[in-house]
């Protein structure tokens, strides 16, 4: 194609955007806002997934050893524990460390702990085990129980079950929401493009009757769709990025224990999807919507 | 206006919907999906708010009494406690009940508890206090401390602070998301209506030149907008309702401890907003968009 | 009925369509508007039903200063004026029936009245049997006749016809010219822009001839003026 | 150049626009297409540039069976055929220049060539100075001439003109008729549907007369047939 033709395409695309005027503005805004909402929810979903993973990984089980455990067997024992499938990490905790940690956890004002301390350290040595997936805790606990010198395996079965269900639930709801919003954005973009083209159907028909090929007519619309998609997704990202960065700072100050992802990490992921999605939507929407009017 | 004119309006509105064909379908879908997304997020927000309130209300503080507390003073004491501002509820817990409850909470496999039990019940009598807003816990604790025969006031200061920050954060993010999605829905509906009218600008101009008043031209579009808004919001609600009911059942099975609201309670709230909003959007969008083309 | 006093119309940026036009058309008159392409005939008509307002001067139609009446009264003015637009301006997605019935609907005529009048005017323009066709799929001349049918269905006080026979063969054009004469006889004031010399010469009515926006001839009875 | 064999065109539901039309138009011929309103003239032309396909029969234009060529080849056929549409079909939001330049753009003529040819044809139709006006704001006759300018800017092998003088005064119409004759002399095959008896009788070319979709007369040189 000749450069002059390209100049024509670009001029047309630009005039298409401009002549729409407020219409184009409203369309662009609708696209930006719905993509921004999508971005926000995607960011939240990515974070939720991250958080649940962090929480899951903090789930531990403790194997209390017999009271007269001989610490020379420690290495042998740890080898056996680590050989169990799905065990991610195992730490030996002496009874002294155990008491110290309990004191730290419950705080110094625990009446219960004071009482316990009075009667000497009641704790046995123990092995703390981290499991790679909370679903396998039951299995791992059973395996631990068969190891000699393990007296008792303790883990909060109910909490583990609840947490697994909860994180699954959160993940599903998040995914459903992302899909719903993605569908909404898709429809908004496609619909906007479609209506823009519909408003110019007469023009398209005339062009065809005067000898324009489909591709000649299509290009300006594709460029327009591309611009819409790109600018829409870009602005949406900017909004989401700004909002999220602000949120991360606030969360870092107010809720230091909540494990949020850094903006860069999340947004690179989201940005890819959004930009590629936005552009594909804009261009794809144009192509599909045009087809009907090009049959002249 | 005569009935025949109304019949004309209705016929026109219906033909407007029908002649749009796929266009109307896509528009309606865009509206439905974006309203559905809004509904879902509204439902989630309402639930989150409910949950954080439940969690907040579960935050208790315990006033441990002196070891030699005379239970004949119990009523007098409780009166004093309840007189403290922001105390919502107060319960006297005897040391026997306290131990029982501790056993229930920690589970029977708690090594620590066994040890404690061996040395006799270490707990004093106590008063459990519920505060109406976690922000006032410090204040209430101080007031409790001044009551005679209160030895020590215990509450998880750090957890309370975190939780307050967290629930505030969740509430804000939820609100922001609802607003963003409301804006997206608004733009989608307004934009759809606007483009539909734009596509028929020539027709509108002709009608005016042949002697139609603005209101004559406006009515079918208003009805069309009304229909779009109503049906869009209705379908969105149906989707949200169905999804939420399903979710509530699943949550009830898998996560009985998560305090979800019953569908009816939530959806009545959401439904009002959505229906009124949808219809206002549809009709309002029509009026505003038409104005420009009626100046002929 | 129609009075123009010192009327000029200049389109942006500076295309002069009408220049200092002074003319009076009395009730019941029949006036041909002639002139070369671009002379200002359509502009003249557009000022009368307020599609456009004059750049200067006064346009008085049916006793009202058209440029001064408030927007919301314009529709009621237009209902007294039947217009055959040069480009027809039919609702092309609607049926012939709907197009012709539209002015009756707007003025809230009862359905029975509509069902009576629409076929009557369609018969007059020779389009009985086309009621259910979409206006956009008619032939050029058929569309032109639908436009005429629509313009006369309300028995307007004033009929403005902009080139109403431009797409008609001589035979059909004669029928249409006779029809317009008929409407004139029944009391309507008629202003008809036309390029058809034989219609002008046949009807022998008042002829206003425009050249570059000015009235250069105004005669009764007049003849078609051939330029250059 | 153009051959129709047993061509009929029936519009849904059952409006017969053309009925068993057999005709051959050779290279370089000039043919008038006449007939009453609705006789099928526009339909005849529409079949040639494939706006419509025949219900039955074969339409052969420039050696190709028009109904059979694949969709993607249609634009290349249309570029060899200049068409003045009865309703002009201008891009009304674009300028006169853009409208006339459009076929040149589509065929990727260099900008310099476009800058040369557009004013040239605009001058021929008498519209120099209107380049920057939006097509939609021109007078009826001006629009018609823009449509003609666009149809001849590519020097088409075939020129189809559907009522190209319907909105022109006698003087301008004569200029346009002469222009079309000029284009014919330079080698284009011309088919012109018209209601103008004096143009037909002046040019003395072949006249094909349609009545209710049938060819009822085909004479060279022919005269305008007055019906009824």
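To keep things simple, chains are lettered A, B, C and D as they appear, and every chain counts its residues starting from 1.
The rule is simple: a residue touches a chain if its C-beta (ideal position, glycine included) is under 8 Å from a C-beta of that chain, and two chains touch if they have at least 3 such contacts.
All figures in this text were calculated on a predicted structure; none of them were measured in a lab.
J.: Can you tell me which chain lies farthest from chain D, using the average of the Cα atoms as each chain's centre?
T.: It is B.
J.: Rounded to a whole Å, what is the gap between the Cα centroids of chain A and chain D?
T.: Their C-alpha centroids are separated by 62 Å.
J.: How many angstrom lie between the CA centroids of chain B and chain D, rounded to a whole number?
T.: 67
J.: State, to the nearest whole Å, the distance from the C-alpha centre of chain A to the C-alpha centre of chain B.
T.: The separation of the two C-alpha centroids amounts to 23 Å.
J.: Mark out which residues of chain D touch at least two other chains, giving numbers and ranges.
T.: As it turns out, chain D has no residue touching two or more other chains.
J.: Residues touching two or more other chains, restricted to chain A: which are they?
T.: None at all.
J.: For this assembly, give the contact graph shape among line, ring, star, complete and other.
T.: ring
J.: Who touches whom among the chains?
T.: Pairs flagged as touching, ordered by label: A-B, A-D, B-C, C-D.
J.: Okay, in this complex, where on chain C does chain D touch?
T.: It is residues 11, 15, 34-39, 41-43, 86-87, 133, 137-142, 144-145, 162-163, 166-173, 195, 197, 224, 226-228 of chain C that touch chain D.
J.: Tell me, which parts of chain A touch chain D in their complex?
T.: Result: residues 1-2, 4-5, 8, 19, 203, 206-214, 216, 295-296 of chain A touch chain D.
J.: Please give the residue numbers of chain D that touch chain A in the complex, ascending.
T.: Residue positions touching the partner: 49, 51, 71-72, 75-76, 78-79, 83, 85, 89-91, 93, 102-103, 105-108, 110-111, 150, 154.
J.: Which part of chain B faces chain A closely enough to touch in the complex?
T.: 22-23, 26-27, 29-30, 33-34, 36-37, 40-41, 44, 64, 102, 107, 109-112, 114-116, 118-119, 122-124, 152, 154, 156, 162, 165-166, 168-169, 173, 176-177, 180-181, 183-184, 187-188, 190-192, 194-196, 198-199, 243, 247, 250-251, 254-255, 257-258
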